[in-house]
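A quick write-up on the structure given underneath.
Per-chain numbering from 1; labels A, B, C, D, E, F and G assigned in written order.
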Amino acid sequence: MVNIDPTLMIGIPLFMGFLIPSVAIVWKNSPRYLAGFTILFNLIASTLLLIRSLNAPVISVLGGWQPPYGIVFVAGPLGSMLALLISSMTMLTWFYLPPHIKEGNETKFYMLFILLMAGATGMVLTGDLFNLFVFTEITSIASFSLLAYSRGKDEKEAVEATIKYMIIGSLSSAFFLIGIALLYGATGTLNMADLASKIPSANHNLVMMALAMIITGLGIEAEMFPLNGWTPDAYTGATHPVSVMFASVVVKAGFFALIRVVFLIFGAATEALQILMIFGLLTLFVGESSALRQTDLKRMLAYSSIGQMGLLLVAFSLNNQTALVGGLYAMLNHAIAKGLLFMAAGSFIFALGTRDISALNGMGKRMPVTSALFTIGAFSIMGLPFFGGFISKIVIIAGSMQAGTEGMLVAILILSASLIELVYFLRVVHRIWMREPEDDSRLKEAPFTQMFPMIVLAAFVFLMGIYPQAFFKVLIPAAQELLRGLGTMIGGA
Amino acid sequence: MTAGNVSKYVYTAIILFLLWIVLTSTFFWEEILAGLVLSAMVAAMGYSLFTDKGLGNFSPKRLAYFLVYIPVFLWDVIKANLDVAYRVLSPKMPIKPGIVEIHTDLKSDIAKLGLANSITLTPGTLTLDIDDDRLFIHWIYVRTTDIKEASEEIGGKFERYMKVIFE
Amino acid sequence: MNFYTVLEYIGMFLVFVGALFLFLGALGIFRLPDVYNRLQAGTKATTLGAFGAIIGIGLMRPEWLPKAILIAVFILMTNPISSHALARASYRRGIKLWDRSVVDRYGPYLREKEEKEGKR
Amino acid sequence: MDYTAFIRPEYVLMLLFAGALITYFAGKYSSMARYSLSLLFSGLALLMVALLYGKNTLSVWTPSITPNGISMYVGTNPLTWFFAIILASLSFLTIMYSIPIMKGKRMENWFYTLTLLLMGSMLGVVFSSDLLSFFIFWEMMTLSSYLLVTLAGKRSDKAALNYMILSTMGAYSMLTGITMLYVHFGTTEFSLLSAQIPGTPVNFLWLSLGLVAVGFLVKSAALPFYVWAAPAYSEAPDGFTPLFSGALSKLGAYGLFLFMYVIVGMSALIGMGSFRGVSSFGYAIALLGSITAFIATLYAIREDDIKRLLAYSSVSQVGYILMGLGIGTSLSVAGSLYHALNHALFKTVLFMGAGAIIQLTGTRKMSEMGGLATRMPITFLTMLISIFSLAAIPMTSGFGSKWLIYEAAINKGFVFIAPLAFVASVGSFLYSFRLLQAVFLGQLPDGLKDAKDPSLLVTIPMIALTSITVLFAIVPGVPLGAIASAESYMGIQPIQVDSLFYFRIGNSFGAYNALVVMTILLFAMLVAMIMFAFAGSKSKKVDQHDTYLSGEIYEHHSDLGLHYAANFYRPIERMFEPYLRLRLERTYDAFGRGYELLSEGIRRVYSGDVQTYVYYVIGFLGMLIILAGWWW
Amino acid sequence: MIKKSIALILIAILFVAIFFTLANDLPFGDNRTTTGVSDKYIYHGVNDTGASNLVTAIVVNYRGFDTLGEVTVLFVAATGVGAVLYNMGRPAGKKRKKTEASLIVRTGSRILFPMMLLFGAYIFVHGHLTPGGGFQGGAVIATAFLFKYVSDTRYHIDHNKFTATESVVGMTFALVGIMGLLLTGYFLFNFLPNGSPGELLSAGIIPIIYVAIGIKVGAELTGILDNMMEVEQ
Amino acid sequence: MTFWIVCSGIVLVAVFLATVRAIAGPTVSDRLVAVDALTTITVALMVILGFIYGREIYLDVALVYAVLAFMGVLIVARYMEGGL
Amino acid sequence: MIYYMAAAFLIAIGIYALMLKKNMIKMVIGLSLMDSGVNLLLISLGYINGGTAPILLNGVKPQEVVDPLPQALVLTNVVIGVSVTALALSVIIRVYKHYKTLNSDKVRDMKW
């Protein structure tokens, strides 16, 4: 079996990112294909990586300097799974792109697009705290740029969203870096595994202060309430494929970074988990409640994403294997289903020219295929049986039940929020299928290249709903990896 | 590439290489080699504007004038600085500032730059603007507003050197 | 008293004089009445001061001399340019001369030029 | 080939789910295919369910689907079969009935697909033998029934949404309870669970069982969750209402039977606390059931809308079922199961008839109907018998089941439950009579002069169900035999069924002999009818609008509310008016509106000004820092 | 007012927290941990990497991957600025509607421009020996171009040439990394000899990387400047 | 040593005076003049510090600083006259 | 210690600008200030009393140098800061084009 070094998943996109602008001078359409090729490479590499990492974590030492002196890439099942998620979602979004990015400079879009993927991949694979910061910045800056890419009707909102996102995002990175600095001051190292082994004996005050800074810094990326003010605007303002990337790639990587730091470095510090739990629940409720009253389709999806991120936070902070598996499952499901929803919503909006939910009346007749795909995504988020969301919901509930009386309360809260979610998604689905359209004309469905990614995602939503074992094969070791902590994995130096 | 351009290029490269030697202050072959390569590359990017005359600048007369100009100029600078020092330190601040106009016969831009900078560096006077042959000078103690007189007083000496060195 | 010692003393002298001129320049900036007059002091005295100090150090450490000269020359070349640019910009931005200034030939010139451009 | 190998519950489900899919695609192109395929699939499923009689199976139908390797099971047993056969036959008959009723209606093709899907998921609920598949089918059932309700178009929107929200609320509560059980016992299979129940802490059982019960009470439309029922039953498409009310509403009871008696078991249930030998939990259910029966009856009495009237009646009758179920004695459980069957039979017929009449008259207001008895004799007759059964008029099977429940309640000396039930029973007689009177008797409105019985596809199911009602009145031993074996499966002492025509339940208090009671009552009825026949010539025919006009003839102004049916039970209404004004719907509405308002406020958190967000971030960090100093 | 007081209270909390945490738990001037990784860099850095400048040793060698990431950040930002300001510039060939610079500034730029470029080159070529490095050198180079923009309202860069240059040097950096992987199995492995510390041709791949970075950063920053300068108000 | 203390003291007084002007203004130009002078002073100071610490690298720093500072002032000046 | 004070102060000033200045350019400046504060903090962490720059030339001994790692990190962060600032300013140019204001209060078409 061919092995591809995980570092190449950064190296190749970078190389191609540098190559694309030159080739574009002589061959105008090349960026799309070069980007596609790059993403394909990452897709293959991450698939192989995932298979390898199920046996033993794949560790790639950069520059030949053994940890903790150099930077390492550590690809456990969890990291590899996320890398695969990132590359596959990027691939599918790549199919979805063309009509949505016509207005701007396409060459630059494709460069940013693959670099965003590279950044997110680096975020999930790196085993070095400062390197994580660097990759977070790559991802953020690429996101900012892609967000501001919109031209034409949405341009105004896009730039507004960008500047908000940038200000909050840069604030977050400053805090993250302060946290890193304090940790370095306390332990003298930046390697995550090494940190994990040194933190218990390090100065407690420093570590706690660092924790506060890091939770704030990464909490912004993970859309934790009240740090997520930028989120709804960013999702709404972005051009549709970029919204997909936000929901399915960027936030997932940010969330993973937060979880990893808390779990691996701080050995699932119980104080941190309590904070995450409380604010996870808040995020869940604020997100879902805000979505309840939306009239803007994308904004509703954005708030729903916030709610789901809250759910993930809650699931992870329960800190037992079942809940973690459920949380990971929800993470996957949300990436896939919300990606699908944003794509379908993008197609609706592209065809209708408005984001207003009331314009969706009777879309089931006007764009039946897209409507069906949207519905599948919605059902999965709502957690109906035979869709991925169902499995994640029951597993998370089972996980929370293991946490005693408080867990019971958590379960009830999760389900209440889930009920709110059901209501607003049902309203939309209801409109699509059950209301009479004001204008009976058939709208043009998206072309097959755009339909294809949606169909693939819908198929995955189903697969996750009816054959979860396939996913558990990866998720159970992934959850165990988190519970074990990185410290025991590569043991410091 | 015209002969003029070759001359300009070579001149630029030589100046840059000298600069490199000064910067590195060594004679390791590696440094020399790097200096040659980099000077050649950088010269290619800027030679057309760097000089008007090219290798012509290396004529002995120009070099000689240049060498003489340095102490002359420095002495003027020191003299004038003492003057300004006096004005600054004196409690009454004996200043009589104003903007006067002077004229120059210099044609080349580089020569004008030399002149203007010399004037500026000489305390008491500051070049505000140049338009063709007219220079506007801020003078900390205006002794005359007449263009001819002022020209001689402020820039006369420098102009003569500049004419030889740069034109 | 060998050659290097002599150089060192000269260097020390230059550094001291340089420091003095830096101080004078700063004092001029502090005391003089308007931007243009402050520029006079600021450019000249500080340039000379820095020049002296840097060359002085170069003399005290002869192996540094080439680089020291380079820095000094660079300052000598750039400071008048930036001062000039500042003065010009200030004037064009409408910052008035000190009210006890005796003559202003630049203002009429600018108005004249504007009129010409306006006609075109 | 041994066909019996295919008579397994999992194949029934597969048949129906595949059937739904096939029907959808075939039905898109041909309405004939749609009708015949849906009849075929449901009929076949019915046949298979019937053949499952007496079988006990249990099989794994999926590989493990949870991280801990939980598999899903389906199986059948006497209790399952009893409900399955009701559900399957009602589904089949409803499909048949729907062919003319739903013809040309909105999204007709979806109707059949969803009905088959619903049938499959209802059967799935009863066949499933583990918590997870139970819950999955339960959710599917909710979803497909929700979709069926929405098929009615815009008018059903609110009702459907409310139904869905409350159902989901119930389902989530159930999920919580189920997960508690799973996490505590580490298994989901029913028999494995029930084996571990003895010795479980009482509090735990109360909590989990209570949470699960909420889901079933919602589906049963019991107090305080009944608010969805009347709107949903009445606004659902006419083709769906019979199944909705007749079949689907029984699943809540099934779930309670399952969890209370099969999984937890009688002894553990008593162990959770008891009251006069009845488990406290069951008593609570019974109490809720009786109050529900009572209140819903009051609402039904007020209704002029025929579907709403029947809807409230359903709620009330399900209350009886819960009552018997909760009391948990041999007699009461039998009564409960029997009443579930009866209610399925008569309420389906009533809703079918109502649907037919609505299609004919174009209105649901009873005050705009009347005198249809002669024009629609078959409808009249079938509905009449069903109404008798509903009103528990002796000689009908409805009487038998209610009798059993009363007797059980009185036996136990439940001074609160028994009177409530009795009053409710009187109430149901009142609204039944109103229905009968307003729709079939009196004068025919001008528009309905050429009304006639609906097509055979409508009448055949009605006749079939009515015949069963009559048949079971005569041979109660047939259903009671099945009930007895279901009881013994649940670990409850089965009632004794001596023969098909005669049964007798021996206990300390007395005995109920159906044949004897029936015969006596039949005789009394005959006497009454003869008396009426003789007196008939002397009675005066009064116009329906003649109520308050002292005989003065007015033009028919039904909209003035002067129709006979409009304020039929005004005096009784007046009596309860103050209490009825405190409708629970308002509370729910207020809660919903309140939450929406709250959400409106919550989203103002996202002020749009980036500086506000900076405040949030810094505030959050400040809080963490303070916590860091304080806690740690 | 309330807003302002809240802000001030929060800022005070942060200030106090950061300052006192540092002051109490990381006493200034003697907190270089001996358990940490930096001793390795300090005592073995010169031998390991051949770079006398330990910061360089870390930046380019031990943590060269961060630097690759950093180059990427700049690249992404430059691309982003291009994408953000796309289509906001003046039409081709039109001069910017701006006050011309004076002859002094213009002529000054003619003479100083190549010198500044050479400074830049000097800095990144000697990155492993002096405090400079690719970024600093690149910044100086970009400053040289900035001087051009400042002094000439008609100035604009040749985008194609810049793009090509950027591409080549960027790919060089990535390729050096990939070469390391191919030759030794480690991405960014220093596969060249270290030489003797203090000389120009020492420190293995560091000078190559720094030259690439220098040019890249110079071109990148210039590109950003170009984009911003071209924006029509 | 005394010598260096005296020199540094004089330069620091200069820094102080220029800083006062930089803060006091009153116009942007005034501040800029002060900043310009400060940068020149800083270059000199860096060279002096390099000597005191005996590290040649300070000279490189000073050179780069001189380049950047010059450009900084120039840019602001050009901005003020509307040349950007 | 003064460095710690200065670092904390810079961070505080940056946050002050972010919280109380409406002008978005000033907010971006605030971010840059914070960044400088963080950089200063990092550098000061690595300082040892009497330490010198970590360039082992001209006989400088390893014992005498300050921790080079924070400096390396700062180098990286400086570039990141520059990148973000450049991008933020370009975005602000576009914001200004659409809103004709830089007041963050006014740039809030998207809310709730």
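Simple rule for what comes next: a contact is a pair of C-beta atoms (placed from the backbone, for glycine too) under 8 Å apart; a residue touches a chain by one contact, two chains touch by 3 or more.
Quick caveat, the model's predicted, so the values are computed rather than measured.
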Neighbouring chains shared between chain E and chain G, ordered by label: A, D, F
Which of A-G and A-D has more C-beta pairs touching across its chains: A-D
Most distant chain from chain D, judged by the mean position of its C-alpha atoms: B
CA centroid of chain A to CA centroid of chain C, Å: 57
Averaged-CA centre spacing for the pair chain B and chain A, given as whole angstrom: 61
Separation of chain E from chain F, taking each centre as the mean of its C-alpha atoms, in whole Å: 23
Geometric centre distance via CA averages, chain C-chain B, whole Å: 14
Multi-partner residues of chain E (at least 2 other chains): 3, 7, 10-11, 14, 17-18, 22, 26, 31-32, 37-38, 41, 63, 66, 69-70, 73, 76-77, 80-81, 84, 99, 101-102, 104-105, 108, 111, 119, 126, 130-131
Residues within chain C bordering two or more other chains: 27, 39, 43, 47, 63-64, 67, 70, 77-81, 83-85, 88, 92
Multi-chain contact residues (two or more partners), chain G: 11, 15, 18-19, 24, 27, 41, 45, 53, 55, 57, 69, 73, 76, 80, 83-84, 87, 91, 94, 107-110, 112
All touching chain pairs, where touch follows the definition stated at the start: A-D, A-E, A-G, B-C, B-E, C-E, C-F, D-E, D-G, E-F, E-G, F-G
Touching residues on chain F, where the partner in the complex is chain G: 53-57
Of all residues in chain F, those that touch chain E in their complex: 57, 60-61, 63-64, 67-68, 71, 74-75, 78, 81-84
Chain E - residues contacting chain C, complex: 99, 101-102, 104-105, 108, 111-112
Touching residues (chain side chain A, partner chain D) in the complex: 163-164, 167-168, 171-172, 175, 204-205, 208-209, 211-213, 215-216, 219-220, 226-227, 229-230, 232-233, 271, 275, 285-286, 289-290, 292-294, 303, 321-322, 325-326, 384-386, 390-391, 393-395, 397-398, 401-402, 408, 411-412, 415-416, 418-420, 422-423, 426-427, 430, 433-436, 468-469, 472, 475-476
Complex contacts: residues of chain G adjacent to chain D: 15, 18-19, 22, 24, 27, 104-105, 107-112
